[in-house]
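Heads up, the next two complexes both have chain A, just with different partners, chain B and then chain C.
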Partner chain A sequence: MASWGEASESRLIGKRITRLSGKDKVTGKAKYTFDINRPGMLYGRILRSEVARATVMGVDTSEAEALPGVKAVIPLIEIGNQLRYQGQEIAAVAAETDDIAKDAIRLIHVDLEELPHVVTEADAMADSAPQIREDWAGNQSEPNIREDGNLQAGFTEAAVEVEATYHTPVQTHVCLETHGHVVEWEDEQNLTIWASTQGVFGVRNDFAQHFELAPNQVRVITEHMGGGFGSKFGPGIEGRTAAELSRITGKAVKLMLTRKDEHLVAGNRPSMTQNVRAGATRDGRLIAYDMKGHGTGGISSGAGFPAPYVYHVPNLRTERVNVAVNAGNQRAMRAPGHPQAAFAMDSLMDELAEKLGMNPLEFRRINDANEVRQAQYTLGAQEIGWQRRNNVPGSGSGVKKRGMGVGSGQWGGGGGRGTEARVTINSDGTVEAVTGTQDIGTGVRTVIAIIVAEELGLAPTDIMVKVGDSQPGLQSGGSGGSQTTPSVAPVIKTAAAAAKQKLFERIAPMLEAPVGDLRVGTGTIYVVSDRTKTITWEQAAGQLGMESISEGGHWDEELRQNGAAGTQFAEVEVDTQTGALKVIKIVAIQDCGLAINRLTTESQVNGGVIMGLGQAILEERVMDPVTGRMLNANLEDYKVPGTFEIPEIKSIVFDTHRRVTGVGEPPCIPTPGAIANAVYNAIGVRIRELPLTPDKILTALAEKKA
Partner chain B sequence: MEKFSYINATSLKQVTSLLSESGWGEIMLIAGGTDLLGEIKEYVESPKTLINLKTLPGMDGIEADASGLKIGALTTIDDIARHPTIQHHYTVLAQAAVSVATPQIRNVGTLGGNLCQRPRCWYYRDETINCLKKSGDICYAVDGLSKYHAILGGDPVYIVHPSDLAPALIALGASVKIVGPEGEKTMSLEEFFTLPADNPFRENVLEPNEIVVEVTIPQAKPNTKSFYLKAREKGAPDFALASVAGVFEMDGKTCKTASIVLGGVAPAPWRSREAEAALTGKMIDESVSMRAGADAVQDAQPLNDNAYKVTLTQNLISRAAMMAAS
Partner chain C sequence: MSDKEKKQGTSISRRNFLKGVGTGTVAATVVPSVLIGSEEAAEAQAGDAISTATIQLNINEKMYEVEVEARTTLLTVLRDGTDTSGDNVDLTGAKLICDRGECGGCTVMVDGKSVYACMMLAIDAQGKKITTVEGLANGDDLHPVQEAFIQHDALMCGFCTPGFIVSSAALLNENKKPTLEEIKTGLSGNTCRCGTYPFIFDAVKTASRKM
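Here is the complex of A and B:
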């Protein structure tokens, strides 16, 4: 049975190891798609709809075409078709400079017949709303209904009840590097694409299908990328447009989205509204849960969320619909559905606990069947100092009031089959590890180097890791669903083990020992029964001559595990005169199984907490009902956390087993709920809508006073 | 952005003479550019010509003497924030300066630019929305999304003035020197700013061919305490939801004179004579300070989303007064 071995046997795995590409990134040596420039390259730009809904009556590109330096103008919508959100693609240009391209799209004249729009859920659900999706009566999808147990009987048994509405707005991904591609055709049959993507092979296959090419005629390269968070799986319209412009002009084309485009069309986390009625028994058991909810994923669907979340309720009815609005579509965003679900559920849990007169942590212990989280509750309470919290919410003295809260999360992250990898040992002692995964920023390069180095007795810096290129033809899946490390690590480990075995077979005769007696030391190979027989790694590899060893690996169930429980505790301070919320500390305990690299795993947790913090205290897509426009499609009014907002984060990598589990997504799940509960504990008035900005806090405090 | 020509200024005479060749928007002045370049990139402004003021000699620098302070219009916000005399004797100004944006912006943004910057309103800054601030018919904030808009003096345009330096300078009794083709004039900074009822398109009295060259501040009185309190959604960079510049001449806990100017709540820096009256001659305590705050916002007319600013402003004034007495 394959195993990662005991912690005591590991020289590198589980230790804190600096990421291999770190220096290149901070010195600017690392090349992102944005940095790629090709000889004779043109710049692409897309003209987008400035209105939320209209019929396209005509598009006149003649002036743009006449602008010196413009090499191609192509339509992206047919006359007579409907534009259904601000930012939707109308036409594209390729020009000699980015400035010319920018000027050119402004010279394209579009004749529109504006149609009534709805950009908020409330407007879309109103009786008088214009129908913006033919297939959804009242702009709502068919309800998704789930029933379990006996709801009526549950409420009869309940000693306390809470009825409340929880809301989270649309959040955008805000990838540091915007979406985009550099596309270059070598000839009519072969093209190379530098893509800011989290799925090199997905992009390759999409391009191949679109242009009716064999997959191996398309090469996709993603050396480094500046964040995806679920929004960068396919080439999108912008990628196919770049390829089309390149094909027409015979030149390489770079087409990167603007920050505004990014907010408008490159995906978002859907909104969520839950109208919940729930009950618990006197002894603190959740007994009944009735939820009617909705969310919007733009003009598309995809606004689902799990409810109830994490905690078990025996009697329930849930009803969910998607609401269509004239706004850019959702895409997967870091633990899709979960942070908003956790915010609602953890708020509800605290409201029920208070009605029962029960400590919210105790109430969770009673209703949480997950043993890992039970242990996390104990550890987290110690770390944050749970006994310091206000027994009576809002009872702290002074203008600035402190409070504490807790939130929970659950994720999978077990990885899956489909990764191919090769580990090669050359006669000069160099080692290469190659696979078709990509580093979305989580440090998979370093993870691969650690695994190979551990297996071969080398240092991570000795391993040449090649990822983010489809050309070697070694497939791997997209970096999503917290799947990268659990999918890749087993294959790399078995490939390295196979290469090591081959090397042992080659050098065993020279060492006059049975293959089974050979072991790797640190940069050495020795015979376990006779330590005088030790040779250096270079000496061993030198035996290979012209015949390098190159071995593949396989995925192994036993090396990974699904299921990652998380708990977070927040301490906050609220200035009751200004409504300013300061998050003082987050204790984030993340179950992750075996952390191959403890340092980058902690970084994952830090990053997740910061993203959850942004959702909790700042972020919101603001849609104007009158003009139909997003009013904050920039980074001035769409506010993300900066250094002043980042609290002390205590990231606790909670190793519960020696199998690999991905944790890219789950650390952002419990944060908003924990912060919202801490705010309640601080000020004694509950805010059921994110983000927790000063206007909401002051309004809530005023209502409490009145 | 649209193309423009770029001229390095050689003298104020040359600048005002060039400016006299057109009305608003054709020829524009650039110093730090932290506001103007944003407007040009967003196509809110498309000037044909930019005049670079940075080449003008002698317009940056801070002079402190017995009569007070003189600050050239090209002085960077960072220089103001770091100046020892300002930090010690004009604290409100140093605090306001350091609250502006980010270090990068403070390093290039200038005093003159900060005073003459345009509103941040999300309707105004959207090229496609022709609001009343431009040449349209309505202020979209009235029936639209007004979280960041004015609660005082708004009618008919509910922008807020974004400057942090202006409230602090007005509270310190500053004057501004303006140069035009006919020569120079000096006026109180308070009178420099205008409300939309007088002119919905501009935020100050400058004519298209005039330029701010200097700000002077009278000598700080002894026993003066001053504070700039700025409420915002994030630490930096962020504009004020509401801010209070308070200058208090104190005798123990008794306030001899008070100067209270609000930022982020009105289309111009908003001097609250009501709050000043409520504090002057009073022994400052909780109830006096709260009274002053309440008096300042008694005529507030919040829109749909900004009633919180009424409470916030009141609380900030009260806090500033309590700080003066402590």
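Here is the complex of A and C:
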């Protein structure tokens, strides 16, 4: 049975290893798609709709075409078709410089017949709303209904009840490198694409299908990638447009979205509204849960969320619908559906606990079947100093009031089959590890090096890792769902083990020892029964001559595990005069199985907490119902966390077993709930809508007084 | 204002706006979106040949001669500029992220002080000493800030990293031993979306001890 071995035997796995790409990233040498400059390259731009809903009556591109430096102008929508959200594509240009492309876009004249729009859920659900999706009566999808147990009996048994509405708004991903591509056709049958993507093979296959080419005629390269968070799968319209502009002009074309485009069309986290009625028994058991909810993913569906979340309720009924609005489509965003579900559930848990007169942590212990989180509750309470919290919410003295809260989360992250990899040992002692995954900032390149180096007795920096290129033809899946490391690590491990075995077979005769007696040391190979027979790695590899060893691997279920439980505790301080909320400390305890690289795992946990913090206190897409436009499609008005918002973060890598579990998403899940509960504990008034901005806090305080 | 501009009334293209106001921090001002594609905007562009100038810039202690328009930003020269000798400048460490002086991804040093390269016109950078992230290391010897960023894993995707590195180096130029609050203030003009801030703070502290 394959195993990662005991922690005590690991030289590298589980330690803190600096990432291989560090030097390139700190010196500016790392080349992202945005940085690719090809000879004679043109710059692409897309003209987008400024209105939320209209029929296209005409597009006049003649002036744009006449502008010196413009090489191509192509329409992206047919006359007579409907534009359904701000930002939808109308036409594209390619020009010698980005500034000329910008000028050319302004010279395209568009004749539109505006149609009535809806950009908020409330407007879309109103009786008088225009129908914006022909297949959805009342702009709502068919309800998704789930029933379990006996709801009425559950409420009869309940000693306390809470009825409340929780809401989280649409958030955008804010990838710092916008979505985009550089496309270059070598001839009519072969093209190379530098793509800012989370999945090189997905992009390759999409391009191949679109242009009716064989997959191996399309090469996709993603050496470094500037943030995706779930929004960068597939080339999108902008990718195909870049390829089309390149094909027409015969030149390489770079087409990156603008910051505004990125907010409007490159995906978002759907909103969530839950109208919940729930009950618990006197002894603290959740007993009944009735939820009617909705969310919007723009014009598309996909606004689902799990409810109830994490905690078990025996009697329930849930009903969810998607609401269509005239806004850009949702895309997966870091733990899709979960952070918003966790915020609602953890708020509800605290409200029920208070009605029972029970410590909210104790109430969770009773209702949470997960043993890992049970241990995390104990550890987290110690770390944050749970006994310091206000027993009576809002009872602190002074203008600035402190409070504490807790939140929980659950994710899968078990990986899957489908990754191919090769580990090659050359006679000069060099080692290559090649696979088709991509390093989107998670550090998987370094994880691969650590695994191979551990297996072969080398240093991570000795391993040449090649990822982010479809050309070697070694497939791997997209980097999403916290699946990368658990999908890739087992294959790399077994490939390295197979290469080592082959090397042992080749050098066993020279060492006059059975293959089974050979072991790797640190940069050496020795015979376990006779340590005088030790040779250096280079000597061993030197025996290979012209024949390199190159071995593949396989995915082994025993090397990974599904299921990542998380718990976070927050301490906050609220200024009751200004409404300013300062998060003082977050304790984040994240179950992650075997952390191959503890350093980069901590980075992942920090990053998840900070994204959750943004959702909790800052982030919201603001739509103007009158004009149908997004009012904050930039980085001034759409706030993401900056240095001043960062609390003390204690990230605890809670490694519960020796199997790999992905951890990219789960650390962002419990944060908003923990912070919202801490705010309640501080001021004694509940805010059921994110983000927790000063205006909401002041309004809530005023209502409490009144 | 010229007669022509007066006639156009409220219609302003980015280029004419720049001409009218002169140079400075207006580089990132965008045309109001209502004008995009409008007749006024087109009129503002038509028959208005783009004038260029050849300027010299001292970047990372090397002189470049580049042809620029009035509107060309320093960042555009660094990333997309071509020296009159025909070589691309190709200093792509500084990134364009927000395009309006909000995120710090394009931070470079101009005469030792951190500057948003997206907000500075190239012509205003003449006669000044420009240092980009590529110019911080001394050959293979990394700047202490760069070393510390690697050591503390103060980067993930790395797209914001060049801006943070330059801002951190500029901060330490002015304040050798910053407190945590001073680090937060010094780097408040930079944005990271992966959430690497805690380790960035650690890295700057480590670098300050080594400098």
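Operating definition for what follows: the second predicted complex is superposed on the first by the 706 of 706 C-alpha atoms of A that agree within 3 Å, B and C clash if a C-alpha of one lies under 4 Å from a C-alpha of the other, contacts with A are read in each partner's own complex, and residues count from 1 in each chain.
Rule of thumb we're sticking to: a contact is a pair of C-beta atoms (placed from the backbone, for glycine too) under 8 Å apart; a residue touches a chain by one contact, two chains touch by 3 or more.
Computed from a predicted structure; not experimentally measured.
Judged by the touch definition given at the top, the superposed model places A:Glu636 against both chain B and chain C. Of the two partner chains, chain C is the only one that A:Gly441 touches; chain B does not reach it. With both structures placed on the common chain, the touch criterion links A:Leu692 to neither chain B nor chain C.
Note on chain A: of its two partners chain C and chain B, the one contacting more of its residues is C. Judged by the touch definition given at the top, the superposed model places A:Gln577 against chain B, while chain C stays out of reach.
In the overlay built on the shared chain, the residue A:Leu618 is in contact with chain B alone; chain C does not reach it. Of the two partner chains, chain C is the only one that A:Ile105 touches; chain B does not reach it. By the touch criterion defined above, A:Ala702 reaches chain B but does not reach chain C.
When the shared chain is aligned, chain B and chain C each come close enough to touch A:Phe644. Using the contact criterion defined above for the overlaid structures, shared-chain residue A:Asn606 touches chain C, although it does not reach chain B. 50, 636, 641-644 are the residues of chain A that lie in the contact sets of both chain B and chain C, per the superposition on chain A. Those residues of chain A that touch chain C in the shared complex are 18-19, 21-32, 34-35, 37, 47, 50, 63, 67, 97-99, 103, 105-110, 174-177, 224-227, 229, 258-259, 440-443, 599-600, 602-604, 606-611, 634-636, 640-644, 646, 649, 651.
Chain C contributes residues 13, 31, 33-37, 39, 41-42, 45-46, 69, 71-72, 76, 79-80, 88, 90-100, 102-103, 105, 132-134, 136-137, 142, 145-146, 149-151, 153, 155-162, 165, 183-185, 187-188, 190-199, 201 to its touches with chain A in the complex. The touching residues of chain B, counted against chain A in their complex, run 120, 122-123, 126, 128-129, 140, 143-145, 147, 231, 233-238, 241, 305-308, 311-312, 315-316, 318-319.
Against chain B, in their complex, chain A makes its touches with residues 50, 577-580, 618, 622, 624-627, 629, 631-632, 636-637, 639, 641-645, 693-695, 698-699, 702.
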